[in-house]
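I have a structure I would like to understand better, so I am pasting it below and will then ask my questions one at a time.
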């Protein structure tokens, strides 16, 4: 039993409030991904859970016990540091062994686990080297290896794959997934990688400026952002926002976004009830902007091939919107095309508060760490 | 004039050959992206260009001059280090000023440039802090800032955005692009990020095990990999490979890949001439695997929603292939569906050597750093 | 690990600070309180060197020490011995610091045989000071000393120089001996400090176009600061009260031309049998040393990783 | 510290203040701790005599060899703390005044018969208020030696008879590497000054402890010391050579004449290139009033805190017997403090007749004085004499300053 | 390749310079470094050499002009004389015991408390540290008498016979007192330069503060520990005044006392003094050579270098 519960957690450094009242339930055996812009307090939150910083306020519970006053080594956690923090004077192998030796693990088990981890991380040949003789990605893998050889109550991983190439990342992601399936260790994982966030987590927590903006299963959060910040933050390229005046006309809702008037699909009418006359923001993800013969006419500004997809930058009046299309689509700069927004995947936000108007927390599924149906668990 | 030419460059560390005969032309004002698996020698190559390591063999020319024996401080380069290497005792501002002060730049200019860079990197509020008071991403931005305030012959950037969240990355990518458009400084850029590689570079160089596998404009290399390594390395999820015996039958080429026989499209016949009876590998990118009613029948193993796309893992006999499909597509695990390979985007490789059989270097366009038509230059 | 082991670890950890600092404090306090109190106390007494009679005189010892008995504004001995001390300490410390820094930087390079070089460089410090002092007395000996020998044989001088018979030259000889003996100390402290400089920062500085000098100031120096502080402070503390070399080489002579605070204190307290006046000088030395260290702390006190 | 009634168990070794059972008056300890200045190896005479003492009495002498320059510190540190660590020590007579005054040393109670064999001048040096505090062990005074070879080369067949002669002959005797005259008090400027002062018929203090040296001292400077230096008759840097160094220089042939510490005569004879035919000895050149030289005898004294006083006194007495004195002179060359020793056949056999005769003359005519607060008085003098000698200060002014300082000191400690 | 360069090549090879992988400027710098260090070592060793040859000269040679720098008629007579007279093995033993015990105590306590002073903000730590160092600023000569009194005192606790006077323990206690403040301070400053991320990683690896300190921080702090140890050792090895006052016999006297005995009150026998000095110096030099590997590796296993 090692669920982690953060309640109104606050951490101040002198005049900086790094974590500003974070409450978060991390169920036992779950895989929680923490995302958020740079400097929003992710690392600090992990360090609070690890016991490396002392909370200014609020409580941290691990396994039902308040651990605010427990030191890191009393908490049985393993952590991958964002900056690796390898022991410079120990070889790769010694770095990986150390945590186990610390727990008095049997020599055979240590050797086995280290060998396994080294193989998994593809660093078998490097075991005798010192950290200073490794490449960045190799160091990062050692840092990861140092954590995964252990069998702690909680894994804390701070961007553990950020310095790996895409291919290796995919492999490592799969390995982490497998590992989590096997060990079922409660894991808190910080990443800035969209795919990792979507595929690894049972739940995703989006942070901003020291506060949690939304928590939930990744796909749910992606599809049902609670506010503009979350909508904007998740997804790359990020969601297109088009602001306008909402007008009720004949039982129809019309949003006047300048060049065109957008007709709100019927399913959203309830949510928008009472907002006519207000400023409302329409949000559409680039992948929900599709080229369709008789849609909204736009001009192609830029064609950006990104390999498996191509991103189009389109001029819609004075606004610029992005569309993510198949790489094969034959468009060029300055082409005039027409697009359509997927009617089922649009979002409406209060322009003043940024709150999503069509969000209802009732839709929110409970996080079930064992269910692989929602997300994760699969081998990428 | 600061084109960089590497010729048969070798760097050995004791018994490790980190760079093993790299020859690479980096045209003046170009933006060259270096990619490759972890530990393949990217950082070492940059360090050789920077003058931080001395080449064991081969020559480095910068601006037409052999600089093998010149030290870093004699070369006028600016570098972003993979591990930041910030001066811990200097404030953020001092860190950024230092390079300019070294060159005796005027105080006003220094102030202006530092202020500009800080604004661009969104670190204005942090200027007085010490690196130890910054988050990982903030440190990385300072490291980047330290380089971009300068106006060197060559920019060397080693994964400068790896610790930033997706949104910030997109912004920074755009800023770097703009910067390069303005300054036209020759830039060598190491990244493991597919999108960065595809969108930033005039040319991309794929390295493996200390050697360069292929160089060329990013889209070209993505579409025309020279060998299986490059094909496999670029793209995420990576290319599906299906190996089989090539058989000539009635003027048709048939590849027997176990569960099905693949009929080679006519356009590839010339390339495969002479290979009948050999083992040949068919390569198809996941995005070129499309659900089509009467294609090859497969079983869905895993559905992995990744936000803007969904990756399907499909069982084709004993083989597993991946398909990248729209997130809206309604498939579930264990569904039986049928797929088709995009006939114009398949690749054939010699199973023994890994060479791409349908690759002809004649197709390869010359790198033109000023052309934004091929790639980059746009604001993502 | 069992629960009891856990709680033991926990309890031991709670006691980390007292257990680590405690013994040191006890040790120092246990053995220092008495002597220090004694020093301060006895500086308030006058002991008749003949009869041994003790008399409480308040601050008279200090007044005498600083102002002398009358006549002159300041005690001329105090002025001149202070000057000797400043010259001795000032030159010895600065020369040996610069020399030691240079050698430490050279020895920090990855040189073949540097192990032996390091040992060779440390040796002067290993010799008993008395031996070193005598050795230098022999080196500076006017008739048969090697220095005169070398100078004569290379034709640099025509007549032998009586180094230890001339105040200025004797002081110079003392400084040379002092530098010879204590430079290894600087080398060792700085060499250890140099290990704390993160190598990657040199890379960053090189790329920033920093010259060798600038790299020293901007990378080496900040990380070396704590060691410089240690080296200079200990060196100065040692030198201000250094007695062995002076006593062996010149005994403060010729006359009192090389008398420094330390030898004066020794002479007053031990030879003249005036412990009170000696203690007063001791207190003054303590205060001055403290002041110097405070200044050094101001200059070099900041450490690189501190925020 | 309260050690008198300590009942700590006796241990061997020379432990601290409480070691050893207190000896009651009549009991004789079976060992004593003796502080010797410097290593015994450079005092073979003392070493031999200690051996003899042990053999004859069965009392073990544990010798603590204390470096000369620190002996006094060692002694006073012990005594100020009333430590019984030291039983006996040997040292110069000029420490006595202070030690006796402080009550740190014990009257030896030597019988008149024992003391009467020493010359009167010496007896008075070790006697205070009618009690003897030190058993004289060896004599130290300036002996005038010369290099006959050098003298004859320069055309002289006799050494200078007066200080005027020294100055006159000087330029002939010196040359190149060689100087005309050396004196071994060189780095003890005060002793050198006293030496000349006595020859000029004066003293540092009169009987009521008033300093009286200014007038005569001025003359000493102007007539002897300054001309010696100005005319280059003394080697550069003698003051850095120490007494041994000057002797060495003489042996090396770099001095024509030397006024030297006494065992030098015997040392010279043992050296390469020297024999009786080359070594000349003379009475000191006559000063304005006498041929007297400066006397610095060494003796053995017993600590007032000793718990083995009886044995210690026995030792002191033993070390100053005629036999011991003779042994010392024969073994080490130290001039005996007992005139009759010079008559013994062994001594006569061992040393040239004129050397022996001059030594005896010195023993009987050398002058000395003991005064209170000797170290600080000497320091006040040295403080002034050195700059005067080096020509940096007017001698009269220097001497007056020294006198004023001394007067101040004496008033401070209640002597004046 | 011209003979010129190949000769240069041989030189650089024999100096262990990897001209392939090294910058020419670095190779040049190294050669200059060798030159400078060579010069320094020569100058530093010259007096030792002079004393050494003096010790092998017959007395008559010592005092002959012109001075010779190469001995002819070398003799070991001086050494023979000295060895017959002095229990050098006792002095050496005393010096070794006193210096190494002091070093162990000082390094242990200094490292422990130095670390705590560097890492913890406990009540009044700045003031405490300052007073510890201030304790060391009192001129020791002013403390001779108090120390003598303490050491001559009968023991406070029973069971020990006699006072500490003239025992090695007296010296060890004294030297510990004099060295400990410096040790604390050197180590504090050294630990200040060791990044705290190492402490943190150790904690996450399950180390208690103690374990992290012992297993991670201590190995990293080797250079500082080595420097402190050398300092404490050499100070104790060389200390003279207190050894003089607190000991009186060969059961506790140390080498510096032995050397000082060659200076008699009235003459310096340079030849024997030189020989005695060399003998007194020899244990130190041998000690240095013997431990040079540890000294050097201790001083340079700066693990913080990244």
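Each chain carries a letter (A, B, C, D and E) given by its place in the written order, and its residues are counted from 1.
In this section, contacts are C-beta pairs under 8 Å (C-beta built on N, C-alpha and C of every residue); 3 or more make two chains touch, one makes a residue touch a chain.
Protein names from UniProt, one per chain: A, B = ABC-type D-xylose/L-arabinose transporter; C = Sugar ABC transporter permease; E = Carbohydrate ABC transporter permease.
Keep in mind that this is a model prediction, so the values were computed, not measured.
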{"item": "Chain pair that, of all pairs, has the most C-beta pairs in contact", "value": "C-E"}
{"item": "Per Cα centroids, the chain farthest from chain B", "value": "D"}
{"item": "Distance between the centres, which are taken as Cα means, of chain E and chain C, whole angstrom", "value": "15"}
{"item": "Computed distance of Cα centres, chain D from chain A, in Å", "value": "95"}
{"item": "Interchain centroid distance [CA atoms averaged], chain A/chain B, Å", "value": "23"}
{"item": "Computed distance of Cα centres, chain E from chain A, in Å", "value": "57"}
{"item": "Numbers and ranges of chain D residues touching at least 2 other chains", "value": "69, 73, 77, 80, 245, 248-249, 252, 254"}
{"item": "Residues within chain E bordering two or more other chains", "value": "62-63, 65, 144-145, 208-209, 260, 262-263, 268, 270, 301, 304-306"}
{"item": "Overlap residues in chain A, where contacts from two or more other chains coincide", "value": "71, 73-74, 83, 103, 132"}
{"item": "Chain C residues touching chain B - in the complex, by the definition given at the top", "value": "198, 200-201, 203-211, 214, 218-219, 222-223, 302, 304-305, 307"}
{"item": "Chain E partner contacts - residues on chain A that touch it in the complex", "value": "50-52, 71-74, 76-79, 81, 83, 85-89, 98-99, 102-103, 131-132, 146, 150"}
{"item": "Residues of chain E defined as touching chain C within the complex", "value": "15-17, 29-30, 33-34, 36-37, 40-41, 44-48, 50-51, 54, 62-63, 65-67, 69, 109-110, 112-113, 115-117, 120, 122, 128, 132-147, 150, 173, 176-177, 180-182, 184-186, 189-190, 192-196, 208-210, 223-224, 226-227, 230-231, 234, 237-238, 240-241, 255-256, 259-260, 262-263, 268, 270, 273-274, 277, 280-281, 284-285, 287-289, 292-293, 295-296, 299-302, 304-306"}
{"item": "List of chain D residues in touch with chain C within their complex", "value": "69, 72-73, 76-77, 80, 98, 101-103, 187, 189, 235-241, 245, 248-249, 252, 254, 372-373, 375-376, 379, 382-387, 390, 408, 413-415"}
{"item": "Touching residues on chain E, where the partner in the complex is chain A", "value": "197-198, 200-209, 211-212, 215-216, 219-220, 301, 303-306"}
